[in-house]
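One chain, chain A, links the two complexes that follow: it is found with chain B in the first and with chain C in the second.
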Partner chain A sequence: MKTKRILSLILAAIAICGMTIPTLAEDTIKIGGIGVLTGPAALYGLSVQKGVDLYIEQLNAAGGVNGQQVEVIWEDSQGNPTVGIQAYNKLVENDGVVGILGAVLTDVTKAVAEYANDIQIPMITASATAYEVTTGRPSVFRTCFLDPFQAVAVARYAAEAGIKSAAVLYDNGDEYSTGLFNAFKDEAEVLGITISAAESAGTDDVDFKSQLTNIKSANPEAIFLPYYGAPAALILRQASEIGLDVQFFGADGISNITDSISDMKLLTKMLYTDHFTVDATSPMATKFNADYEAKYGEKPSVSFSATAYDAALVLTQAMKTAGTTEFGPVVDAIKNSQVEGVTGVIRFDDHNDPIKSVFFITFDELGNKVFVKQLDP
Partner chain B sequence: MTTKAKSYALNIIALIILFALLFSLTASGSINNYYSGILVTVGISIIMTVSLNLTTGLLGQLALGHAGFMSIGAYTSAIITRNLQGIPFGWSLLIGLIAGGLFAAVCGFIIGMPALRLKGDYLAIITLGFGEIIRVVIENTSITGGAAGLTRITRMSRAFSPDAQLSSAVQMGIVFWIMVAVIASIFTLGRSRHGRAIISIRENEVAAEATGIPTTRYKLLAFTLAAFFAGIAGGLYAHQTGILTARYFDFNKSIEYLVMVVLGGMGSITGSILAASVLVALPEVLRGFASWRMVLYSLALITMMIFRPMGLLGTWEFSLSRAWQCTGDFLKRTFMRKERKPKLPFVPHYDVWEDAPVLETHDLGIVFGGLVAAENINIRLMNNEIVGLIGPNGAGKTTVFNLLTGVYSPTSGDIILLGKSIAGKPTHEITNNGIGRTFQNIRLFKSMTVLENIKVAFHTRMHYSPASGIFRTAQYTSEERGMDIRARELLRVFDMEDVADANANSLPYGKQRKLEICRALASNPKVLLLDEPAAGMNPIETQELMETIRIIRTRFSVAILLIEHDMRLVMGICERIYVINYGREIAEGPPDVIANNPDVITAYLGIPEDVHEERAQHAEN
Partner chain C sequence: MILFLNQLINGLHVGSIYALIALGYTMVYGIIKLINFAHGDILMIGAYTIVVTISFMGWPIAVAIIVSILACVLFGVVIERFAYKPLRSSPKISSLITAIGVSMLLQNGAQLIFSPNPKPFPILLNAPPLNLGPLQISFTTILTFAVAIISMISLQGFVSTFKMGKAMRAVSEDMDAAQLMGINANHTITATFAIGCGLAGVGALLYCMAYPTVSPTLGSLPGIKAFIAAVLGGIGIMPGAMLGGFILGIAESLTKGYISSQLSDAVVYGILIIVLLFKPAGLLGKSVSEKV
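For the complex of A and B:
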């Protein structure tokens, strides 16, 4: 008796929960944005968000995609893979998005990409530079170049400048840093540059003097620093304190170094590679810089706002080309796209990486970025 | 059906219903990947929190590296499933989870061995360091993928079936049942003799040791077990997310779980479950508030800690059978049967030790640095004797007790208990060899019930293993049941049976003293040491105490040595008295002789004026 009643109650509960609520007709195309919007790495996530939002605003003003307006729903990953996956699941399952822009940090992107690959939803990251992100994941793309690519570019630049011996100081707890170090070392050997010292430090270290002293005694002509802005600023200051006065090279992580350094003169010794420069002269780039400043009241500080703008551009352009938001046709359209973006013409190779130019940038004594040269693929 | 069997049945039915509901809703897609992801994360957090509660709540030791054990389990299991591609994923997952748990347990054992011997906050500092060391080691080892971590780990939500919903449902089931198993085993362990031993350490480590609990061993057991469960939780996490980076298992992660334990209530398993569920779900609920959610989350935490400083549930536990009883009392009657009286598993033995002294010291002494706290102490206790140990304040009486119970190791002389030397042995061993004691300042296991206080002392009289405690084998049942009866019997002797289920700290002062004596007797001593039993008692209570001591002597056949300042009590019940002053024995004999001994009077009252002058004259001459 009793059990029967309980059983019927359970069945009723299942039935109620199981009923699907009829969804309203969609009048917008929803795209999910995932990025680290809070915490120490928020600068990167917020830059990506600003770049995407800028493009989508312009797109909607120009009529949207296939007659529909586009809406980007942002979710914070907190720079944590688990939270990133939750954000992805929420966007796909609850909001019904048809594409993903992001994530921002490499490990979060790798976690989310694995899920995106399950259902082949188109996903474009503007900032995950590790090689492995797009490997074996046909629906995952990126609009930034790769760690190995920029490390190779730095090595080539150094070789052209006649440098014969270089030292490296890298972060052994950070994938970005170790990846750049390995690629740089390999290419340097090919080009005949001697790695006279390879020193490493931990992720949260703030004192690099013992490593720098070792490097100084090896007497290199240049030092490669695959670091983000804040630690790189510390290293530059400590290097000058121990009288280590040589040329420094960096990669795209350096682009926000001006936020962390007080003595701008130190920066004149730094040369780094970037995805984009505000001094770029193409019409798209000029317009982007002007629009960005008009909307946000500041110049883009991190180049990821430009690559993010391009990611949104590529994704929506592919939806236009495909004439639908179905995953398969959109992924194919991205794969075949040839789009003029802010950071140059974007097309994808077999590994879903963009084939694009590298910008070499240094600083003047006031800390302004100075465009040095552009290296085309 | 007995009440216990009924409560088992009830819990199992409730769990099966819950599981069926979760499984079918996930398989049908009503619980989509987003919600099932949250539920699985809740499940893993519950395992982490409940296991941390074993160390922090039950054992009372602050551990700050729980995420370190989680990472060991996560990496171990991920590496194993990756390298065992030949066999079905279900099996390799099982092997991986167990191996991950075991490896974490081994690490826990190695860390705990030195750390847990120390008192105070050392464990917190050592575990804190350990968590960071693990992270750095993982980041610099190639098999763990270095800083990049491990990716493309087979995910439970995809691996079990080509149908993604069904596979998600299987994942839900796996996490659900492992969670249930962990909760159940910690719950049953907590109610076994081993659990009581662990809790008694939290309540009062000195008293636990003096009651016969090998405290170091139990600290290690709890800590290792917690590490084992954390390792399993790590394995589940690895195969849920499919990606591992060492960065994730940092100090903050450990703190996150600690917050859950504190919020839920230290020592309450139900509280841990509730807090883990709330704290995992809350950020998801607050997603809509964007960047305000961290503020709201912190505010919610602060508010809860202000209004519930002991945590959401304190040490309270939810019991389904209790709830059932409240709602459906009428059902109880239909289930009622006459309960069989269980047989006593064994009768405790009280040896008769007639001719030789039960306790004897030979020139016992101890020196602290340059200070001679006791020397040449020669005490003999015959069976069934009540002997007093008196002396002015600071004479070294408690030092003698501490020497006899192994709190201090003597620097000279020997202690013979029942013909065997016990000098230098650890306290718990001495207790188990036949010395029970009480303390000058009462040391009860305050938040345990009166009955549980007694049962802690029965610890070494039971023999079932932790495993049979967890699985509640027949041996567990018969021993526990027997001890329950014996404990109540013991309380009845002292007229305390009516308060058996009250909390120890709710008793009036006199009864707390009595309970402490009762607990000392429960360890089946041949010698009972009472340190100022009448301190703080009014004359009526003192009178009662004298009665009690006489009862103890006749019923329990023990020799009693007591320290006391209340001369009426000492003179009233002691058959012989030892007097010590400045760490030396100055007199020995029956009460009337001692009362008139000039040395004793001098020791207590000082030298009379005229005698003083006389002596001074002697010195001049």
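For the complex of A and C:
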């Protein structure tokens, strides 16, 4: 008899909870965050997460969107497209999110974007720089610039610096790397820079000395390394070991290199393109740097925390403008947005890409980033 | 020609590292016929020990190196005692599966403690490359090559002259007979693991000097390559491990330099298949015909 009473109490409790949960859910707007939060590329995902969380915290403190609080649910893609799709399905089907921020790496983002496009859910990536990510996917946007754009910018910088011959070492198993390589090669040919050697390596390779030896014998004035920080650190080290002492160029993947290198002096030979610099002086950027440091106790180490902040800003602003979280009106609002963000004014072109500037960064002997030059679109 | 010599030097560098790790594989296999798949992960433990002692605790380099080698020895002995010894009389396949299990345990354990993010390996020496006319040889390469050769020669000397070395050979030839002659097989096997894992510690040092990032899966690739080197040269035979390592390193380097980086593994495995087709016991192995 007693057990029966307890049982009925529990059932009643469940019934009450069941009734209250839907009303609670209506009070928050749920946004799904997908990013690589573990593994070698985790720093990118974590930076994106920090940028988004910082903005959402400020937004909620200021009253949220249309009177509702915003909640971001994060899922780890492990840098793997299959896991990324599983994360997407979980977010959309179980959590009922109304927008996606991410994914972080290019190939994961492409895979997730295909699904997001099917139901036209608004999706903004802060870091996928390959051209095709937004092609033919009207609901997918980004707040970072593109690989072709950065590669072209690097080639132009090299040409202006009077470089006549350049070599490339790239990862033949990674779309980011091959995309940058192709765009760089095309632009370099237009600008009259000879590609004196084009060497490639596999994604898991740690030994690049054979390729670097070939590059050295071709005697280039500069080397373009479309790599992420960890392998780039190994390449710089091995290049110095075989006595290859030239200027290196890289793209935004280099921005986390200081975490993987112990000999900071090698970095003075590296110049790369970035989406943002902590030396930026606009009021939004200054405020972002200060708020970020206050919340996380460190300066943003990768510029994707800035582009991620902007991605969250653009998405929630569009929800405010549309006055709803229905997919169609929000996508239209993003398309027409003109928002002052941390990385500059953000508006989108026909290809859903932001029209914005690129920053050239190098390092001093202690590994601190040094702002060199800004190139406007 | 200069390019070819440079590629050869690159190959010798990688090959020396493979050879050094292969020595440990081969010693353990020689004595208990166990392919110790956790050998590469012992390498990873050595690498993390150096990162922790130098980068976090600021110990002097020499002390850190000794501590890291001792850590490898300790792990090797403990693994042998708890994972392999209880299975000594069970079928070979059980020990093999246990070895894979130990490898996973070490990798995931390291992932838990150190996170999967790679850590930079501290700079231990920053000597300028040596110029020999148009040839440039980095100091790390010379050091690695020398250490590998010295290790092999002293090991070879150890097993042929010292009492423990002779005991190792006896146990490897016939464990039961050796025990009947009064040799403590368990002690001998423990000593073999200790030396093999100590070599992995030295290998870790040289590997990370060449490729200065440390991650939990650091050991799997050199582990597999060293295993191939050991099989190629004839598993269980020390000069064979050395020879296999050098062949592997040079083949990789020349393929990357002259053909394509995508083909380097294909060429390495191709060489292995061809050698095993014609000499199933490896290059230096003697095929023993069993009487039925």
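Just so we're on the same page, the second predicted complex is superposed on the first by the 352 of 377 C-alpha atoms of A that agree within 3 Å, B and C clash if a C-alpha of one lies under 4 Å from a C-alpha of the other, contacts with A are read in each partner's own complex, and residues count from 1 in each chain.
Keep this in mind: a residue touches a chain if its C-beta (ideal position, glycine included) is under 8 Å from a C-beta of that chain, and two chains touch if they have at least 3 such contacts.
All figures in this text were calculated on a predicted structure; none of them were measured in a lab.
After alignment on the shared chain A, the placement of chain B and chain C results in a side-by-side fit free of clashes. Contacts of A:Thr38 after superposition on the shared chain: both chain B and chain C are touched.
Within the superposed three-chain model, A:Lys90 lies in touch with chain B and out of touch with chain C [touch as defined at top]. Of the two partner chains placed around the shared chain by superposition, chain B is the only one that A:Thr82 touches, whereas chain C remains out of contact. In the superposition on chain A, contact is made by A:Glu132 with chain B only, not with chain C. Looking at the shared chain after the overlay, A:Gly202 reaches both chain B and chain C. Of the two partner chains placed around the shared chain by superposition, chain B is the only one that A:Asp118 touches, whereas chain C remains out of contact. In the superposition on chain A, contact of A:Asn172 is made with both chain B and chain C.
Put simply, chain B and chain C get as close as 5 Å, counting only Cα atoms, in the superposed view.
Contacts of chain A with chain B, set against its contacts with chain C after fitting on chain A, overlap at residues 38, 172, 202. Chain contact summary for the complex, chain C toward chain A: residues 2-3, 6-7, 10-11, 13-14, 55, 115-118, 120-123, 126, 129, 136, 138, 140-141, 210-213, 215, 221, 252-254, 256-257, 260-262, 264-265.
Contact residues of chain B toward chain A in the complex are 17, 20-21, 24-25, 28, 30, 32-35, 37-38, 41, 136, 139-140, 146-149, 151-152, 155, 158, 164, 237, 241-243, 245-248, 283-284, 287, 290-291, 294.
Residues 38-40, 42-43, 172, 199-202, 204-207, 209-211, 213-214, 216-217, 230, 233-234, 237-238, 241-243, 259-263 of chain A are the ones touching chain C in the complex. Chain A meets chain B in the complex at residues 6, 10, 13-14, 17-18, 37-38, 75-76, 80-83, 85-86, 89-90, 92-94, 107, 110-111, 114, 118, 130, 132, 171-175, 177-179, 202-203.
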